[in-house]
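By letter and in written order, the chains are A, B, C and D; residue numbering begins at 1 in each of them.
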């Protein structure tokens, strides 16, 4: 049938998460995204099982696949043992691999996410790292967040962290040898290729929009120009 | 509410949690936002209860946040997981304990996927060997660190300096529990109490004298949503979901919130501040906010740790009203002393 | 060839089969594991679609067989022999020698507690269709106090792989609508909602009942399976579903929620299948010799089925099948020497 | 005030608890057949204008029963009252009249 459907079927998550949907809506009923975005996981699950390439391609280029928060609340409810959350993850991966993510405002955000999260992982070994978590980008961290940022080392010392220190402990410096192993894992399992691909396509898009890399990153991180609700 | 209906479900979802000798793996988010919680946890289990918890400096992030923001493939994630398992194997441990709920979900999902698709496990073993020349055994037991505190709850109660009782009224404190979504929603049998009525935090609260509140949005996600928080433009989603929870719990007049996920307490705490700033709306008694705690912090308070050693000063929503209710003495001047 | 026949189960199928056996000159024995005859029919008040009294119907089934040997509180311990001659030991130590066995063991009701997210046995005002039928009979239930908003949840434990029941239970759609109308008769001021996935109104007069539910009783229909139920601060039930016809999540606060528990395989089917050396299908109901042409016959000689032991059935289907079963059995025994 | 760069999102959830049924009651009195709709979609399928407009009578009836009046009315705007839908309704609802009554009841207020 559809080539895109076959591609999705190569993903373990899709095979595990996509059985015959009966359109009952138990997923959408409790989905945190369904209430605050134009989002209906039931329809996505139903659409992919049509195996229709044109419809799947439209999904891969759409805003809608980027609305899910991957909380997986849908998984515990489905009477047919579908996992809409896993289907979404497979759709997103394919959208990224095919370069379709660039077609949607929410999809374009992948570049900012890749830079921030994978940047932290490869450089420090943590998903989140206090020296790159800035109050300016996170005003919700509040007055206490500002106080922590201004007194980072002293606060962490007070709370028993081993921030950037040797040996085990909270926020210790992860040895370079271990970071090198992470990098090798990224290289041989496709993460590096995915990051490079996202960067290449995003920078092309930035050029199209007449933005520098920094401006583009700032733009996709902060701006909403279409109605998602 | 018919309590024994819940008890029946709880009795069906018991989980085997080993007695001792754990390989402890830290949480990126907990280390960043609640570092003293991990310190307290290890102090309780190692020094107060004399258990063996081993940590190696060589372990890293599990990659969970990167995976759930779709920046790395599943194969990369699983190979990182395999590397963590290899570190456990090399250290001579079999019981794997994660501090993070996202990680716990990922370890569970990885082991389940390998069981269904053994060829995938083989591929990951090859990847790991190629990348690091490491090999691994799968853990015999996988637990979240809150499972361990759940198991030790009565021992902690026996050493309690304070109980979850309102000293002004003599009544049990009214506690809202918030379970991280990835604890048991994907694999109900892997969590104490299952997915619909998890018992892991309820058990602690009952053992320490408090009363658990069941409210309509109890099972609802805190709204983190990975990319929905990590990208500023999406944070309305995150905020709105927390807002929905607070609107739902407010009529039950909770004294506090206890959580087992490292991210949820941060969001439930900080979004209260944002809602107050943005909407002028405050929750809790006398509009002081509803203080939010990690389970390690609650265990620490029960055991008599100093609130500022527990790191309660890094909360944006003030914890003092709760400390007063529990009759815990603290020095106001020391709060921000560094 | 003995003319003795064992009927396992004293519900409608077993009772009707016994009556037909008697008419054809056989000696029927009924073994019933509970303390009385009537099966699930005895729990019911009125029957769809024409609101016929359940107790009068049961009386009519019982009357003609008042002289038949019935063993209550009894189960089968062992069965020896095959092909037209069975020696059956009962739990009361009686041994019966019969030439044929009719399996009329019916169904079990889905245990609503298994659908944990609906909170039956946890939230006070969540009841089942059976509880409501009992209320119609006895007019008392401390969970039902002048409810202003009432919901019915279709397919509870049916069409649900999560609780290992894939089948449609066949009778719940029309039962829900029957009960919704009845509840509206008792509480005319109430608002009543039915949460359904499909309305399977396939039988004679069922569509009429549906139309009446809409136009006479103003029942509201919401196409979406209930996802979760919880209790608010006043003990009312907060129910969440998707209104799939508008693709929007939906919330409603109710005073009473009725779970339409479906027919599932009898809990005893496995042990009976071992005793009689007969097979069950994937759904746990018994397998027949041929699902179309020989649906009342087992695939070992001398074993027959009647009623819901081979899958969910309505009452008239069950009664008709019991008649057909006895005829098949009669034809079989007539050929034996 | 702090500029966070985002705000609370509007909720699309249907809340049947806060549903003012006043106008629906009035409409139901004029059009008692309204309640007989089985959401089959024949009306929407046969609508000549549906290719060019958002008209969908099935959705209109549904949304009126969910308290989403504005959204409902927006889905019959542009209807030319050709009456084709009346011919196909399996429940015999006079949909043409119904549309007029809806517009009358909901536009006047």
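We take it that a contact is a pair of C-beta atoms (placed from the backbone, for glycine too) under 8 Å apart; a residue touches a chain by one contact, two chains touch by 3 or more.
Bear in mind that the values here come from a model prediction, so they are computed numbers and not experimental data.
K.L.:
Quick check: more C-beta contact pairs at A-D or at B-D?
P.N.:
B-D
K.L.:
Using mean CA coordinates as chain centres, what's the chain A-chain D distance in Å?
P.N.:
The computed centroid separation for chain A versus chain D comes out at 38 Å.
K.L.:
Report, in whole Å, the distance between the mean C-alpha point of chain B and the mean C-alpha point of chain D.
P.N.:
46
K.L.:
In whole angstrom, how far does the Cα centroid of chain A sit from the Cα centroid of chain B?
P.N.:
Here chain A and chain B have centroids separated by 22 Å.
K.L.:
Just how far, in Å, is the C-alpha centre of chain C from the one of chain A?
P.N.:
The separation of the two C-alpha centroids amounts to 48 Å.
K.L.:
What positions in chain B touch 2 or more of the other chains?
P.N.:
Each of 195-196, 219, 232-237, 239-240, 274 in chain B touches at least two other chains.
K.L.:
Where in chain A do residues touch two or more other chains at once?
P.N.:
Residues 30, 34-37, 76, 140, 222 of chain A each touch two or more of the other chains.
K.L.:
So which stretches of chain D touch two or more other chains?
P.N.:
Answer for chain D, listing residues that touch two or more other chains: 2, 4-5, 9, 11-13.
K.L.:
Please categorise the chain-chain contact pattern as a line, ring, star, complete graph or other.
P.N.:
Contact map by chain: complete.
K.L.:
Using the touch rule from the top, collect the residues of chain D that touch chain B in their complex.
P.N.:
The contact residues of chain D facing chain B are 1-2, 4-9, 11.
K.L.:
Inside the complex, what are the residues of chain C that reach chain A?
P.N.:
Its residues touching chain A are 117, 155, 159-162, 197, 223-228, 240-244, 247-250.
K.L.:
Mind pulling up the chain D residues that touch chain C in the complex?
P.N.:
Against chain C, the touching part of chain D is residues 12-17, 32-33, 35-36, 38-39, 58-59, 62-63, 65-66, 68, 91.
K.L.:
Which residues of chain B touch chain D once you look at their complex with the stated criterion?
P.N.:
Contact set of chain B toward chain D: 232-237, 239-240, 243, 274-275, 277-279.
K.L.:
Would you mind writing out the residues of chain A in touch with chain C in their complex?
P.N.:
Counting only chain A, the residues touching chain C are 22-31, 34-35, 40, 42-43, 76-81.
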